[in-house]
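In the two assemblies presented below, chain A is common to both, partnered first by chain B and then by chain C.
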Partner chain A sequence: MLLRLAWRNLWRNPRRTAIVLAAVAIGIAGSLLSMAVNYGMVDQMVRTAIETELGHIQIHAVGWEDDPKLERMLADGGRAAEHVLASGPELRASTRRVRVDGLAISARGSAGVAVMGVEPDREPAVSVLRDALLDGEWFGQSRLRAVIGQALADQLEVDVGDKIAVSVQDALGELTGGGFRVAGTFRTSSSDFDRSTVLLRLAEAQQLLALGGAVTEVVAVARDDDEIDALAQRAVKSLGGTAEVRTWSELQPLLLYMVQTFDMMAWYLYAAVFIAMAFGIANVLLMSVHERTREIGMLRAMGMRRGQVIVLVVLESLLVTIVGVVSGLGIGFAGALALRDGIDLSAFAEGLASYGVAPRIAPVLRPSDLLIPLVVAGITAGLASWWPAIRATRYRPAEALRRS
Partner chain B sequence: MSELRLAWRNVGRNPRRTALTVAATVFAVLLVVDFTALTRGVHEKMIEDSVRLRSGHAMLAAPGYLAERSLDHFLELDSAMIARLDAVPEVEGWAPRVVGFALVSQDVTSQGVALLGVDPRRESSVTSLPSRVVDGRFLSADAERGAREIVLGKRLAERIGARVGDRVLVYGVAYTLESAYELFTVVGLAQLPDARLERTLAVVAMADLQDFLAFGDRVSEVALLARSADRTEPLRQALVSSLDGLVPAPMVHPWPEVMPDLEQILILDDAGLYIMLAILVVVVGFGILNTILMAVLERQRELGVMLALGLRPSAIFRVVFLESILLAGLGLVLGLGLAIPIGLWMEAHPIVMGEQLAGLSEFMGMEPVITSNLAFSTVWKSALVILVVATVASLYPALKAGRANPVDALRSL
Partner chain C sequence: MLLEAVGLVKVYDTRGITTRALDGVDLEIGEGEFSAIAGPSGSGKTTLLNMLGALDVPDAGLVSLDGQDYSSLGAAEQSELRLRKLGFVFQAYNLIPVFSARENVEFVMELQGVPPAQRRARAEEVLEQVGLAGLGEKRPLEMSGGQQQRVAVARSIASRPRLVLADEPTANLDSKTADSLLELMHQLNRDHGVTFLFSTHDPRVMEAARRVIRLQDGRVVGDERKAAS
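Take a look at the complex of A and B:
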C-alpha cells in the first residue's frame, strides 16, 4: 500500500524525477564502465604473468624462494611433485622447467637473460609461449635450438636461423656456454619478459648446466581458478617439507596488491559518486515533501501514523535510487557488452607492455560490480531521505490543513 | 545590475534547497581540486624518480642508440663536445655513461645485469645514484684507472650472496665480441625505489668499463639534467643549436623519448582520473539543473506577471542564468575555500603509504610516499569546469522561463 503510494508520488512531477534518475543512472553507468575497464587491465596483468611464466602453482626445492641457487633443485626431476599433482581432479596440466640467469650473445651484441629449459611438448599446455610465436617455429626437429623473445632478437640483431651463444654458470660453478640456433621468436604482452627470455629444450639446458636430471620447478595450472587453492593444499599435504609449493599470488604478491587496490578503489569511486547524488536526491525529496504539506497533514488527520509517513518518504527515496541504479547498471552492462572486443589502446602499447598489459583491453564485470552499487545506493538513499522524512513528520495536521 | 539582485534574491528564497545544491558543488570542487593535486604530485614524483635515477631529463646519444642500446652506437666525448655541453646554460648537469650487459657472479650463483659505467665525479650532478648507497660507499672519485670498484643493487647482492669487500666475477662480451672477464671489488650496495632496477643494476667506473669492453674512449650516452622537468624542451632546443655542426651530430632525446612507457602510463592514469571526475561533475550538474528547473516551474506565475509587465524574455533568461551561476559560484567559492587549504596541507604533509600500498608503489617503481602538488592551473581549470557545467545546466530552465506564456501564467492565478 505504502509502496504504491510512494511510487505514484514519484511520478507526480515526472520531469523532476526523470532528472534525478538520469543523474543516478549516468553516475552508475560511468562508474561501472570505468571500473570494468580497470578490472580488465588488472585481469590482463595477472593473466599475462600466469600465462607466461608463473602458472597457477610452482613447486620448487626447499629454500629456493629465499635463495634461488642452482643447488636448490628438485633432484628427482620433479617426478614426486608431478605425481602428487596428477593424483587429483583439479589439475589441468603441468610441466617441468629449469631456470637460470645467463647471457645471450650474438655477433652484434649481448644481453642479460633468463634461460628457461622447457619441455617442448608439455609447455604449451601450461603457458602461451608457443601461441605467442611471431616468427619461425616452436623448436622444430633439429638439435640445439632456442626460442627467444622478439625484443631480445631485436636487441641482439638476430633473426630466425641465426646463431646465438648462451653463457651460464653451471651447477659446478664453472662458466660455460653453448651455441644455439634461433628456431623462433615470440611476443607476449610483457615487454620485460620478451626482452629477457631464452627458451631451450629442457634436456639440452640440463646438459649445459651439468644438472643431470634435476629441474628447478614444476609449474602447474588448475582446471579452474577456484581450484588453485585446493590443488596447492593437496600438494602441500603430500609433499610436506620436501618441497616448496607456491601459488601465483605468493610468487607475485605485488599482483595481488594491485587487484586488492582496485577493489578498494571501486568502493571509493562509488562512494564519491553517491555522496554527490545524495545531495540531489535529498533536495528533490525535500521539495516534494514541502509541496505536499497539506496532503501529508490530511493523511495524518485521517489516521496515518508518524512512522508510516517516515516509511513513505524513505520508500520514495529508495525507489528513485534503485530504479536509477538498475537502469545505470543496465546501461553499464550494455556498454561493457558493446566493448567486449576490447578498447584499442595501441597508442599506449609500450607503456602497457611494461606492466604486462596487451594494448586491447576488454572491460571485465565482476559480481561485486552489482553488489557494491546496490549496497552503497541503499545506504545513500536512506541517508538522503532522513532530513525530508523528519520534516514531513513535523507538520502538525491541523496547521498543515489550515495552510491551504 | 537589477537582474543580478533579482537572481541573488531568488537564490536566497529557498535556503534549504540552495544549501543542498551548494553542498553538492562544494563536495565536487573538493574532490576535483584535491584529487588532481594528489595525482599531479604522484606523477611528478614518478618522473623525478626516474629522471634522477637513471635517464636525466634528456639524453645525448648517437642516432640509432635508443632503439638498440648496443655498443655499435656510441659517442666520442672529445674536448669540442665537452666545451659545447659546458657552454649551454640550460644544462644544469651532465654525466657520460658506458652501458653494457654482463653476468655478475659470486661462487655458484650468477645474475645478468645492466652494467653502468659512470664518471664518479660527474654522476652526482645528474642522478642521485651516489646518495642511494646504503651500505659501504659509492665509487671513489679519485680511484686510479684499474681499481675496478663495483656498486651493486642491494637485491642483486642478496641474490648472489655478495657483501661489501667481496670480489665478484664480471663476465661479458667486449666491443670486439671477444669474451671478457674480470674481478671487481664490491665497495657499496645501493637501494633503489625501482625494485626491478635494484635486482639488475651494477655500477662501475666508466674508465674501468671502457677497458673491460675494449671500448676505447667512447661513451654510450650522456645524461643531461635540466633546471626542472618543464625546462626539458628549452634544454633540448639550446643543445641542438649548440651541437649543430658536429659530425656526426648526436641526437638529443627528451625523457619521454627515453622512457616512452612512463609517459604513456602517466597519460593513461590521467585519463582514468579525468573520467572519474567527469562522472562526478556530471552528477552534480544534474543536481544544479534540477534545482533551477524547480525554481523556474514554481515561479511560472510570477514570471508570467513579469513578462506581462513588459520584462523581455531575454532578461528573464539572463536572470535564470545568473541564478545558476550564482549557485555554482557560491559552491565554487566555498569549495575552493576548503579545497585549497586542504591541498596545501597535503602538500606540506606527504602521505606515507601503508604496507599494502607500499607494495604497489614498488610495482610502479616509486618511493612509497605521496606528495600532493596543488598547481594554480588546477584551481582555475576546476573553477572553469564547474562554471561551464552550471551554464549548461541553466540553459534548459532559462529557455523554459523565457518562453513562459503570460496569459496562461496569469490565468492559473
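Take a look at the complex of A and C:
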C-alpha cells in the first residue's frame, strides 16, 4: 500500500518528477558512457600488453625477476613447465621464448632492443604479433630472418629484405652477434614495443646465445580471464620452488594499479554525480512534503504511524531515483552499444600508441557499471529523503491538519 | 461510558499572545450517541475534538476511550488507538487525491492489515450504504463536494470504529447536500449503531443531533439531551 501510494504521489506533479528523472537519467547515462570509454582505454592497454608480450602468465627460472640474466634459464627448454600447464583444462595455448637485451645495427643507425627468440608456429596462438604484420612475412622459409617493429625499422632506416646486425652477450658472457635479413615488420598498439623489439626464430636465437636447448621463459594464455589464477596456481603447485610463475598483473603491477584506480574512480564519479543530485531530490521532496502537510496530518489521524510516513517519503525518493537510474543505464547501454565498433581517435594515434592504446577505443561495460550506480543511487536517495521525511512528521496530526 | 474527558485545558501561545482554547472541559459520551458540540467560531470545538481524537495533547486533564487513558499511551499506541477505535470526518473531506473512492475507503482497513478480498467487499458494502454504489473507481477530484464527504463518511465507518468524530462535516456543503449527508449519518447511527460526535455551528446539525453540548470560550455552558425521535 505504501509503495502504491508513493508511486502515485510521484505523478501528482508530472513535470516536477520528469525534471528529477531527467537529471538522474542524464547524469547516469553520461557517467556510464564516460566510465565505459575510460575503462575501454585501460582495458585496451592491458590487452595490448598481454597480447603483444606478457601473455596471461609467464614461467621463468628462479631469480629471473630480480636479475634477468641468461644464466637464469629453463635448462630443460621449458618442457616441464609446458607439461604442467597442459595437464589442466584452463590452458588455451603456450609457447617458449628466449629474451635478452641487445643492440640492432643497420648501415644507417642503431638502437637498443629486446631480442626475442620465438617459435614461429606457436607464437601466434599467444600473441598478436603475426597478425600485426604490416609488411613482409612472418619469418618465411629462409634461415636467419628477423621480424622487427615498424618503428624500429624506421629508426634503423631499413625495409623488408634489408639486413641488420644483432649484437648480444651470450650465455658464456661473450659479446657476439649475427646478421639477419628483415622478413617483415609489425605495428602493434604499443609504439614502445614496436620501437624496441627484434623477433628471431627460437632455434637461431638459442644458437646465437649459446643456450643449447634452454629457454628463458614459457608464456601461456588461459582460455578465459577467470581461469588465469587457477592456471597460475596449478603451475606454482606443480613446479614448486623450481621456477617462478608470474601472472600479467605481477609482471606489470602498474597496469593492475591502473585498472584498480579506474575501478575506484567509478565510485568517486558516481558519488559526485549523486551528491549533486541529492540536493535536487531533497529539494523536490521538501516541496512535495510541504505541499502535503495537511494530507500527512490526515494520514496520521487515520492511524498511520510516524515510521510509516517516513517510509512513504523514503520510498518516493527511492522510486524516482531508481526509475531515473534504470532509464540512465538504458540510455548509457544503448550509447555504448551504438559505439561498440569504437570511437575513432586516429587524430591522436601517435600519442595513444605511446600508452599502448589503439586509435579506435570501444567502450567496455562491466557488471559493476550496473551495480555501482544502483548502490550509490540507493544510498543517496535514502539520505536525500531523510530530512524531508523527518520534516513530514514533525507536527502532531492536529497541527498538520491546521496548516494549509 | 465510551468516551470520557475530565478537566481538559489547552493553551495556545502565538507570538506571546496566550489563548485558553479549552478551560476545564468535562465530558462523557455514551455508546450509540448522535451528539454535537456546538458553539461559535473560536469557542474551542475543533480543539476539543482534536483532544478527544488523540490528534493533540491537552496541557491538563485526561481523556479516555473505553477506559483507556490517552496520557498513558505513547505516540505509536495513540496511532494504533486512532486506527482501531476512531473514525474521522473533516470539514475539507481530506481524501487521498491519488486514490479512488474505493481505495480511500479501503485505506484504514489496509493499515489494519485486513485481507484484500475482505476489505474490498466491505468497501463496496459501505459505499453502497452511503449511496455511492458504482462510483468506487472515481477519484475525489472527479466527484462533487457532497460525494467526497460521503466517501469520507464511508472511510470513517468502514473499519467499524467505536466512535466517529466529525469536524464541521457540513460546513463546505450546500443545504440540500448537507441535509442528505446528515440523514445518511443519522441512518448509520440508527440502523448500524455507529456513535457520532460532531463539532458544528450549523443549526441543521444541532437540530439533527440528539444531544447538543454547547461550548463557549473553552467551557461547556450547556448540555441538552433531546427525547429519542
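Operating definition for what follows: the second predicted complex is superposed on the first by the 403 of 404 C-alpha atoms of A that agree within 3 Å, B and C clash if a C-alpha of one lies under 4 Å from a C-alpha of the other, contacts with A are read in each partner's own complex, and residues count from 1 in each chain.
Methods note: a residue touches a chain if its C-beta (ideal position, glycine included) is under 8 Å from a C-beta of that chain, and two chains touch if they have at least 3 such contacts.
These figures come from a predicted structure and were not determined experimentally.
In the superposition on chain A, A:Lys163 makes contact with neither chain B nor chain C. Contacts of A:Pro253 after superposition on the shared chain: chain B is touched, whereas chain C is not.
Legend: residue contacts after superposition of the two complexes on their common chain; A:Arg181 is shown touching neither chain B nor chain C.
Judged by the touch definition given at the top, the superposed model places A:Gly303 against chain C, while chain B stays out of reach.
Between chain B and chain C, the partner in contact with more residues of chain A is B. Contacts of A:Ile105 after superposition on the shared chain: chain B is touched, whereas chain C is not.
Every residue of chain C that touches chain A in the complex is listed here, in rising order: 47, 50, 53, 55-57, 75-76, 79-80, 82-84, 86, 88, 90, 92, 94, 96-99, 107-108, 110-112, 155. By the touch criterion stated above, chain B contacts chain A in their complex at residues 16-17, 20-21, 23-24, 27-28, 31, 67-72, 100-103, 105, 107-114, 159, 161, 169, 171-173, 177, 179, 181, 196, 200, 260-265, 267-268, 272, 275-276, 278-280, 282-284, 286-287, 289-291, 293-294, 297, 356-357, 359-360, 362-363.
Contact residues of chain A toward chain C in the complex are 1, 5, 8-9, 11-12, 294-295, 298-308, 396-399, 401. If you check the complex, the residues on chain A that touch chain B are 15-16, 19-20, 22-24, 26-27, 30-31, 34, 38, 67-71, 100-103, 105, 107-114, 154-155, 157, 167-169, 171-173, 175, 191-192, 196, 253-255, 257-258, 260-261, 269, 272-273, 275-277, 279-280, 282-284, 286-287, 345, 347-355.
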